[in-house]
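Shared chain: chain A. Partners: chain B in the first complex, chain C in the second.
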Partner chain A sequence: MLILSGLIPALLLVLAFTYYPFLKGIVMAFQEYKLFDLRNVRFIGFRNFTAAFSDPKFLSALQNSGYWVFFSLAFQFLFGLTLALLLKKPFKGRGVYQGFIFYSWALSGFIIGMIWKWMFNSQIGVINDLLLRIGLIEERIGFLSDPRWAMFSVIAANVWYGVAFFAIMLLAALQSVPHELYEAADMDGASGARKLWNVTLPYIMPTIIATTLLRAIWIFNDPTIIYGLTNGGPAGSTHILSSLMLDKIIYGGDYGAASAIGVIMIAVLLLYTIFFLSVTRAEKAGDF
Partner chain B sequence: MKLRLMGLSKIVYLTLHLLVMVFPLYWIIVTSLKPQKDIFSFPIRYWPERLSFENYENIFKISKFHVYIGNSLLVSVTAAAIVLVISILSAYVLARFAFRGHKQIMLAFIATQMLPGFVALAPLYFMMSSMDLINSRLSLILMYTVGLIPFSTIMLRGFFQRIPSSLEEAAMIDGCSRWSALVRVVIPVMLPGIASTFIFAFVQNWNELFLAVMFIDSDALKTLPVAMNSFILKFDVDWGAMSAGTVLSIVPTILLFAFAQRFIVEGLTQGAEKG
Partner chain C sequence: MTGYRKWLAPALAAAMTTALLAGCSGAKENDGSGTGNGAGEEQVTLRMIESLTSPKRTELIQAMISKFEEANPNIKVEFISPPFDQADNKIRTMLASNETLDILEVRDLNVAEFVNNGYVEPLNAYTEKWEDFATVGAVPKSVGAVGGELYFVPNGLYQRQMFYRQDWLKEKGLNVPKTWDELYEVGKQLTDSAKNRFGFSFRGGPGANGNSDAMILAFNGDNVNLDDSMFTKDGATIFSTPEAKTALELYLSLYKDASPPDSINWGFQEQVQAFTSGVTGILLQDPDVIQVVTEKMEEGTWATAPMPTGPDGKALISAGGAGWGIAANSEHKEEAWKLIEFLSSPEENTGFSKDFGLIPIHTSATEDEFFKTGPYKTLIDMTNKPDTFVNYKAPFEYPGTGQWGQVAMESGQSFLLGQTGAEEILKQWDAYWVDQKTKLNK
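And now, the complex of A and B:
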């Protein structure tokens, strides 16, 4: 029994400084709670929520969250899987190569935002310069200042950031596929594509599912790259739910409204998780 | 022939990927080494004509950059060390013992990784302020520690599970207490895992921005990300200073991650399988 006391510090700290403020935050969603009007804190029912749903900024952030998660995830997965498949067989210098392509993982989203902000710069940005030199464009593009391009740009930076994560996870999974499976497939005369489709992918499916689920949630929750790149601009066109929420906390001081967005995010995450798990389970049941 | 074509396209793809990944890093380094004037002059130079450390000297002149580095180091190392001690204990218990509530505790830890943490941000601000910890590095050490306990516990639990419990049982038969068996026998075996957890925690703390922005006001207490954040607000277009600051803040994390990557990957993939 004594040994279980080893859990106490971890448990107490997480309860006191993660779950307690988290629950308080949920309560705030039903309150009028403004930093500059703290004497007027009171319960207002669902008014923060109705206000959110009638705010075009919120609705656009909701839609952007969908784009942000879907396209970031799709391309991170696609490039990550390709990379993992190409790196599966050892070759000379593979370790060094991995060091050079996986380092993005060690950077903060904020710093990545800064770096890409510099590269996307519409006057002296290197991306515009390269595209002009190749002849792909004739005029400089306002990657971050033009609302038609801004969302594309933040997603591109996010894809760049997250490919490493997928590649690392999928590579580890690929290396755990038993050789015997391939030998058996070889004896049956299976082609490379068939082996990929019928042996490799089914075997690593649990990892794909777990990684995608987790990653989607992280992408949905994390506004850091957007904060660094555009801070939601121009004119709020790149806000996702989490960046809008953060904006309301740090710059707006409107904790009630921010918390309402947070509660809506929790609802979205719950729905997503239930949906995702039921779909993937159904698929599995069909396979075996 | 077909095989050779496959090999060639593989090399081309991997080379392109390498270029895309390395170029942003290259570009921020090159920018930081250009004299201020050259950064904004046309045509853009892909190789600095004259190397200059002007931006690096500048950043220490216009700001207390050495102070920010010191703050970041202090906060990151201290929090990572405390996380390590607390999480080794909790991970060990969760790896070795079955008891009522085990599953719920694991779930509570995993859930912290999935919930939108900013919901807690405003209440935390009031908690810190009632504890008189606003504008104190202690608040960051406390919050970074708490924030990393769940992930480190899950990661370390995976490492513990790979060590057969017969190892410490043997030591206990030889007369060790469970505590000394843990410290003298088990922990030495999983040192690589522990080192990686420490590095992971350190890097997370080093990179953290929003809590630090919320809790720290005075210039002398700022960590690197907060300082960089106020750079943008203050010197919006000074990309010379920005690039030098960026390079200085990413060098330690890149080096550390290169060292620990393999173990962190093992920890992560284990967590995913078990999760």
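And now, the complex of A and C:
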């Protein structure tokens, strides 16, 4: 009874701020619910969904979400792992160095969007300026205004942002690998690469699985960098599902269409999680 | 220690629960007590929200409010300033969920929608008793009205004009452009991408339709129905004419040959910044940028000129604005009007217009020396030539006007990128307004 009464406030908050909006969102996905026309809210079945799937903007956002998650995650992981391996052995000034490396993780996505927006600016941006000075390019590149470059640019900013997260998590895992394993490997005459492949990676595999699973979901859901950098432009070429959903609300006032996108996102994530867990569970059973 | 902890947790929990419950019921009680019982000296708190938020403007409005509060000790004003980008949606949400709101900033582009939903109160009963209403100009009156009833008193008018680099033009021996074609030619000659210098401060991002609409209107010229400006005198949309296609092709050339490639994404901030930082040579903007241009640029390097005209020598212009309205479910309408009357008085409004950069709403104010010189002079000059600078009524009675900016921006960007042709875009825009018309007539 005592425990139960202690849980009530938390439970109420969770109900009010998580489950109610969640369920309401699902209901709204089946409604015509437009901010401009609130006196005309009604159920329209699956029409929001069929409208989404016949909208080329939605399909391109779906595809972009795939690129966005895959490339962001792959490079964040690779760079994060490299950094973590480099930072594993103690050296002078490691603490300070770590501080600098992890700094980007402490910034808000929106601010990162603003910073990179100026860096990518084709008239006064530092990236174009450097490339021009080095002589790599002759004409300024419209990183954010040229649709061929825009998706690359937002992913580059996102990689910069997320590397620190992987570095932190993987470094912690690396430091927990028992030293005896390496000693034993040394005695067997294993090379550095072999130790990485056969000792380090299998040992930290649970951390890798947990962090990539989590990160993929966060990256998929997070519109802040895109919102700050391009706002989905030019001509909608950098929209991912979550930024398109925001766009539908902020500029279109269409809560029904936005909720339908939200429900589709939940479905995608559910499928992804089932897939990921079944694949990694099988692998784990084989290794350990 | 453990014993202490054992009872602390449930005690805290109980305290929090009661606080939560009390919070809920407390709010309800407050709602009830607000119903005015006419006792004049009772303390009243007005909730007021602005839409066109910017730091300097908020400061100016707050100063006026403090003055008002000093003169009316029984009225307190709670002033809400949401960030500009989200303000209109915040206001909409507050109105839709019946949150307490007394005064709100209504915009020309959403007044029809608010009236449609019954969110705002007609003000005619109040203006009848207001002495200074006589000097409020015809334009601000029509900006704030829907179907003959006034729904907000504008706090100033916005009217676009041309800002240009006097020194750049002199350097190249060029004349100030008078038509859109000249603007393109001059812009092209000023452009030197190697020096990172461009002729025109293009705007392809939020608010892009400001330029494309202005060009298409100017090219249609005399054929435009001035009272229903998205349509011609024959009742077709302005996007369906051959002139619209010519205009749109020039619009594309203006972007390609005279503007920074990046500007396809630019909104207000970038567009103005590019001009003040010396990247672009010509800017079309409202008077609220006069302040920042004066501040950031050296005197003599820039000047203003009237808006460019179309091929038949006419430019269609429309003054716009936002202003103060009263929420329909406000419980303190009398007090709310008192504040609006104060803010809209010739003294306060003219001061505000000077400090922020707007055209004042009282005709008496244009007699002021301040508005007869410098960058404001062009605006007055334009008003004095109504045959060249023809005033039209913006299509704000269509509820879809609010979304038009977004629609035009997105399809406009794909046009600028060469993904869609001019005819295809015009067909989409034509369809949008035909649809608006049928919805309105329903």
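By our rule, the second predicted complex is superposed on the first by the 284 of 288 C-alpha atoms of A that agree within 3 Å, B and C clash if a C-alpha of one lies under 4 Å from a C-alpha of the other, contacts with A are read in each partner's own complex, and residues count from 1 in each chain.
FYI, a residue touches a chain if its C-beta (ideal position, glycine included) is under 8 Å from a C-beta of that chain, and two chains touch if they have at least 3 such contacts.
Bear in mind the structure is a predicted one, so any value in this text is a computation, not a measurement.
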item	value
Per-residue touch tally on chain A - higher for chain B or for chain C	B
Chain B versus chain C as contact partner of A:202, first or second or both or neither	neither
Touched partner set for A:66, first chain B, second chain C, both or neither	neither
Touched partner set for A:145, first chain B, second chain C, both or neither	second
Partner chain in contact with A:39 - chain B first, chain C second, else both or neither	second
Touching partner for A:210 - first (chain B), second (chain C), both, neither	first
Which superposed partner A:250 touches (first chain B, second chain C, both, neither)	both
Partner chain(s) touched by A:124 [first = chain B, second = chain C, both, neither]	both
Partner chain(s) touched by A:9 [first = chain B, second = chain C, both, neither]	both
Touching partner for A:236 - first (chain B), second (chain C), both, neither	second
Shared chain A contacts, counted only where both chain B and chain C touch the same residue	6-7, 9, 124, 249-250
Contacting residues of chain C [partner chain A, same complex]	6, 9-10, 13-14, 16-17, 20, 85-86, 89, 92-93, 96, 113, 117, 193, 196, 204-206, 260-265, 274, 277, 279, 399-400, 402-403, 406, 410, 413-414, 416-417, 419
Chain A partner contacts - residues on chain B that touch it in the complex	10, 13-14, 17-18, 20-22, 24-25, 27-28, 31, 39-40, 42-44, 86-87, 89-90, 92-94, 97, 99, 105, 108-109, 112-124, 127, 142-143, 145-147, 149-150, 153, 178, 203, 206-210, 213-214, 225, 228-229, 232, 239, 242-243, 246, 249-250, 253-254, 256-258, 261, 265-266, 268-269, 272-273, 275
Sites on chain A touched by chain C in the complex	2, 5-9, 12, 35-39, 121-124, 139-140, 142, 144-147, 230-231, 233-236, 249-253
Chain A residues touching chain B - in the complex, by the definition given at the top	3-4, 6-7, 9-11, 13-14, 16-22, 24-26, 28, 33, 79, 82-83, 86, 97-112, 114-116, 118-119, 124, 126, 129, 160, 168-169, 172-173, 206-207, 210-211, 214, 217, 220-221, 224, 227, 242, 245-246, 249-250, 255, 258-259, 262-263, 265-266, 269, 273
